[in-house]
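Multiple structures follow.
What follows is chain A paired twice: with chain B in the first complex and chain C in the second.
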Partner chain A sequence: MIIRGAAARQCRHAVSRNSFRPLRRSLSSEVNTADSSTQDNIKQLQSLEAQLNAQLARPAPSARVPNTIAEQYHQYKQQQKIFGKLGTHITPHYRPHTLLNHPPSPADVTLELLLASEAHQGHATSIWNPANARYIHGIRQGVHIISLEVTAAHLRRAAKIVQEVSRRAGMVLFVGTRDGQDRAVIRAAELAKGYHLFERWIPGSITNGQQILGRCRTKVVNEKDETVPGFEEQLDERPVLRPDLVVCLNPLENYVLLHECALNNIPTIGVIDTNADPTWVTYPIPANDDSIRCIQVIAGVLGRAGEAGQKMRLDAAAKGEITYTPAKGLVMPGEEEDSKKTCPAVDAEIQENLLEDEGLEDAGEPSAKLDEAASLEGNERIKVVS
Partner chain B sequence: MGRYDFRPLRVRQTAKALFDTKRNDALPQWYQVLGDIPPSEALSRPVQRTPRVRGMRKPSKMFQPLPIAYPEDKLRSEFFGDHPWELARPRLVVEDSGNDAKAFDWSKIVQAGKQLDGESVIQHQLWLMKNKSYSKLRAYDQARSEFYHHRHLEDVRRRVAKEEALHVGAYFGKGPLEVGMELEDKAWESWKRWAERQIDEEQSMRAQMFSGPQEGDEAAVDQYEDPLDELAVSEPAALQGPPGRI
Partner chain C sequence: MAQRDLSRCLLRAIAPISRTPRPIFASPVARCLSTTTPRPAELLEEPQERFKAAEPFDFAKEDGPRSGGGGKRLLRTLRIVPASPSYFSAKPTFTDDFVRLSALLRTVATLPMVAPIDAPKVAWKTIDQYRIMTNEPVRTQRFHKMMHIVRRLNCIHPSLMPEEVLQAMQRFKKDSQPGDIVPNPGVIDELGRAKGVGRRKTSSAVAWVVEGEGEVLVNGKSLTQFFGRLHDRESAVWALKATQRLDKYNVFALTQGGGVTGQAEALTLAVAKALLVHEPALKPALRRAGCVTRDMRKVERKKAGHVKARKMPTWVKR
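Moving on, here comes the complex of A and B:
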């Protein structure tokens, strides 16, 4: 009752109801003539009309109608704050959409979370890969149980890798080709500003990349991820791009992809079940690849790590620090080629040396070179992004 | 080792080698990252199981994963051995946070957020054994009787709900008895058809083997006797021929 009354107070009303009651005809034993009854009716109508006009002229202060959508939304949010918690208290429980919309971060990874997501469920003992023996806790009901401490440790390690590669503006590819993994993969790629694949991997996309992916659109962006126009001709001549890190959520079905990555020296992260081969990937994460909830947790954690890395990179870029090596061989459009040939290379070399040399005898020297290069070329550090 | 392919694990070393031999003009961007965070050990043998399992002297068996056993397992096998149909009840395995079991207080058999199950009987029994130092049988009997009481309440609720539903106009599909009767009828009919076929086959086989009048033949002949009598028209004496003439 309280809710109804309060909602009625807060509801949108053009006219407040109290004043809009039709006048009831009082019971009368007299029989009115036709003329008098019609005149009564006319009088009623006129009084109603007068009331209505008076109401419309004076807006009711308690029932203010919000004009714009923003105001309506704001009013709705206020009402929700007051009345939203009334009623049954629902205890915290598993809501599947939160794993996709608000995935956990690497700091939220706990053994309880992994247990609830069934990350410990391995396959039947007879079909195990003995290379995974170190990751297995024991046997229960004829299946191997993966040790959750091992899973958590490997997951944190992989998350750190994704974060650091993202911080250095590396291209991360999230692959998950099983049913139900597409949303997790898309969300992870969205967070980490990477790329996703949930349909079949076309064999040769890396080894025969020029043929298969040669016509993909590429663009040049600066350190703040703003597109730099004018490089179209130069991009046509450049070799096709390759990922810097591949995260595979079902390595058993994607052995071709992982083999191509091994051939082309690309580090990989994979969710390794008890029947999978841990040597196929650089960083295995021993977990259950058959549980969609487990995959969503792992993809979410890696996506969040990538998001953190990207944020670090963009924060550094805002301060003017470049965390990556810019692309080589690109020349600023509209400037002469000859004088500019050396500058990007020199610049890149300097960047590399700065990143790698820990102790510099003369710290002022490289920065002086950098300033020189900057003054020659302009302040834009460029990288190629597809 | 011949069968293993360690190229994914040696990605960093390969990158360094390619750069050193000037195959590539620069180290990859992730070189430093993989140096700081190296991959974990691969193909390592697990720790030898302790305590040493008796009878496992073969090296291939000494490092195998061990079965996980709990004291409740014995109680479970006893309970579900006595109540096999409890295994047919559907089980909920979805956990909310992984910490669900921490909120349970097994001094009572019914827990909020957990369905009444054989599992709750066993946990309650174990609690009684530990906290009230009941013997196993006594704890089992008490837990069991409480379980039966709650199952009976559930049955009553179900029956009352059905009656209420029927009263307000719900209709249900075929119950198990009806379905069982229909299946039995179907089986009976198919058996009857088979039996008739068998009888026919047997009779025809017997007819082939023996010559002369058969049982069936006599019956056939008997059939036609009555119609002949029926059809026998009473001829007047004048029309009847002299005796002896056929």
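Moving on, here comes the complex of A and C:
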């Protein structure tokens, strides 16, 4: 391949690297005129072109044109390796994929980052929720501006919560059901070893969990997160799992989820915009829920916090410390037959639940009592057998 | 914000708690002219029920036990967790599949593609088969979104298709693909005969076609003896007539069942199939002539309430 004018195009870097000027200056004692210096520059450029051509001409043993798609693609990739870095060097700037692939940690939260992610943009003043007044910095162009210091403080607090819950092996559920929030939610759950939800929350997943989540599989793990086999039969009899902490990135659309969490004493973290109700969540983060970039920053920070918490938990586990309350009622697989009838903790739980449901009565009891009474009197009650 | 405005707004916010709530004069639904389903936050100004979020954590009193040694060590370290990070979606298998495919597509999106028409022809699983496989209530639209990604993965150029993509796609293919079952090609035996079988209505025919002068024997009789009708004679050897090979092949046929015309039409198919063994390139020509497709029409059964298959008894007003 012959390059024409490449040196002229890539002049700045090429010439700076292979500059002959210092050598010439040291040898020459004459002062250069304008004409002679331009002549010299042209000669330098031409010699540079020759050099580049020589360099590129060397690694071309297979100079034939690639005829298959695979060969063409392979050649394209090789050329990209050589020439891909050429061109203007752009100063560090926002690249969207970095928020998902390398999210910021709680220590990287700065007001500049939040401002650049448009976390301060609230909604029109006419549709605000006055309970959010304490988070609002002011008004600009008819729109409420959220105070970023408040946002940063609440975000750091929420990160601490997520970290501590993860350290104690709690189940953190990241929820973001709007378009474009799915990747942020999946990445956060991946980092924090938690759970994600980016489609509609099915109402009743907590209050009617057995019906809705009853089929979803669970597993038994030890302190090092290794799956322990042999407990599958016992898992079938266990109640459905509930999250220990819920992080909601769009609380306005997930009213039912937050209500269910409130009914079941599950703390929630939520991104509260100026028109959202902060009392719906336990730990609000006042920020803009309409900006995907802002959501990615918040989800990334919380995911990183969860990652730190998980690391702490696993470090403690390596030393033999258990930071969580182990599951009650589990029996070693070999001893299942002996103690099948005695699961005191689970039985106690089931008894409590039955007592709470007043509608459920032992259907056999009244008929048994009637039979007793009838037999005492000597009359036999006609039993209706269905 | 001005102090006065703030306190006025706060007073207005607090006021409804102390006195009875204002009645809503016109329900938003009655005046709504939109045909799309509005989101709950847009439609309702106040939520149906007021609720308060759960209490904040008290980490101080919730520390887990520090385990020591002793007896049932393993049981003291165990906890129960969901098997999949998509547990709370109620469709964990489907959600995991979707996430995995999306991530895979992002990694291989820059590879060269072929047009969808030129991509390998695959029989993908239907939504019902997928639902049976996963045993989950998968929504139709979401399933089709996922299959869209799978079909896009299938369009990667075959010479550059990565192994992991092939493995990922295998899960969504039907067990039997169109090219799996290949019928045995017809054989010409040592005497130069090719056999073909044809059926029409309740008649069936077997024909042996061999290179010759143009003689035809049907059930031991010649064509003119067996078929009294000219039309039937023509249709019996229509495959040879349409390709102008009447004088090039001999036909020996056995027919049974049905009537005369049915047997003639059965012979059409049988002779065509036998001819295709000799000259496979004639297939388009025979298809245009109408000899290749088996005529599936048969006598329709009589139904209850009808006099015949379709005929109904006379309508009576009362």
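Points worth noting:
What we mean here is this: the second predicted complex is superposed on the first by the 247 of 386 C-alpha atoms of A that agree within 3 Å, B and C clash if a C-alpha of one lies under 4 Å from a C-alpha of the other, contacts with A are read in each partner's own complex, and residues count from 1 in each chain.
Simple rule for what comes next: contacts are C-beta pairs under 8 Å (C-beta built on N, C-alpha and C of every residue); 3 or more make two chains touch, one makes a residue touch a chain.
For clarity, every value in this text was computed on a predicted model and none was experimentally measured.
In the three-chain model built by superposing on chain A, chain B clashes with chain C. After overlaying the two complexes on the shared chain, residue contacts for A:91 are found with chain B alone; chain C is out of touch.
By the document's definition of touching, of the two partners only chain C reaches A:228; chain B does not. Residue contacts after overlaying the shared chain place A:35 against neither chain B nor chain C.
Of the two partner chains, chain C is the only one that A:186 touches; chain B does not reach it.
Set against each other, chain B and chain C touch different numbers of residues in chain A, with C touching more.
Applying the stated contact rule after C-alpha superposition, one finds that A:237 touches neither chain B nor chain C. Of the two partner chains placed by the overlay, only chain B lies in contact with A:111; chain C stays clear of it.
Of the two partner chains, both chain B and chain C are touched by A:324.
In the superposition on chain A, A:252 contacts chain C only, with no contact to chain B. Shared contact residues of chain A, touching chain B in one structure and chain C in the other: 131, 133, 136, 138-139, 161, 164-165, 168-169, 258, 261-263, 265-268, 279-283, 324-325. Those residues of chain A that touch chain C in the shared complex are 68-70, 73, 130-131, 133, 136, 138-139, 161, 164-165, 168-169, 171, 173, 186, 189-190, 194-197, 199, 201-202, 205, 212-213, 215-223, 228, 231, 235, 238, 241, 243, 252-253, 255, 258-259, 261-268, 277, 279-283, 320-327, 330-332. Residues of chain B that touch chain A in their complex: 4-9, 11-12, 14-15, 18, 25-30, 32-34, 36-37, 39-46, 63-68, 94-99, 113.
By the touch criterion given at the top, residues 1, 6, 9-10, 12-13, 39-41, 47, 49, 51-57, 59, 62-67, 72, 74-90, 92, 95, 99, 111-112, 135-136, 142, 157, 159-160 of chain C touch chain A in their complex.
On the chain A side of its complex with chain B, the touching residues are 91-94, 110-116, 125, 131, 133-134, 136-140, 144-145, 153-154, 157, 160-161, 164-165, 168-170, 244-245, 258, 261-263, 265-268, 278-284, 324-325, 328, 348, 352, 355-356.
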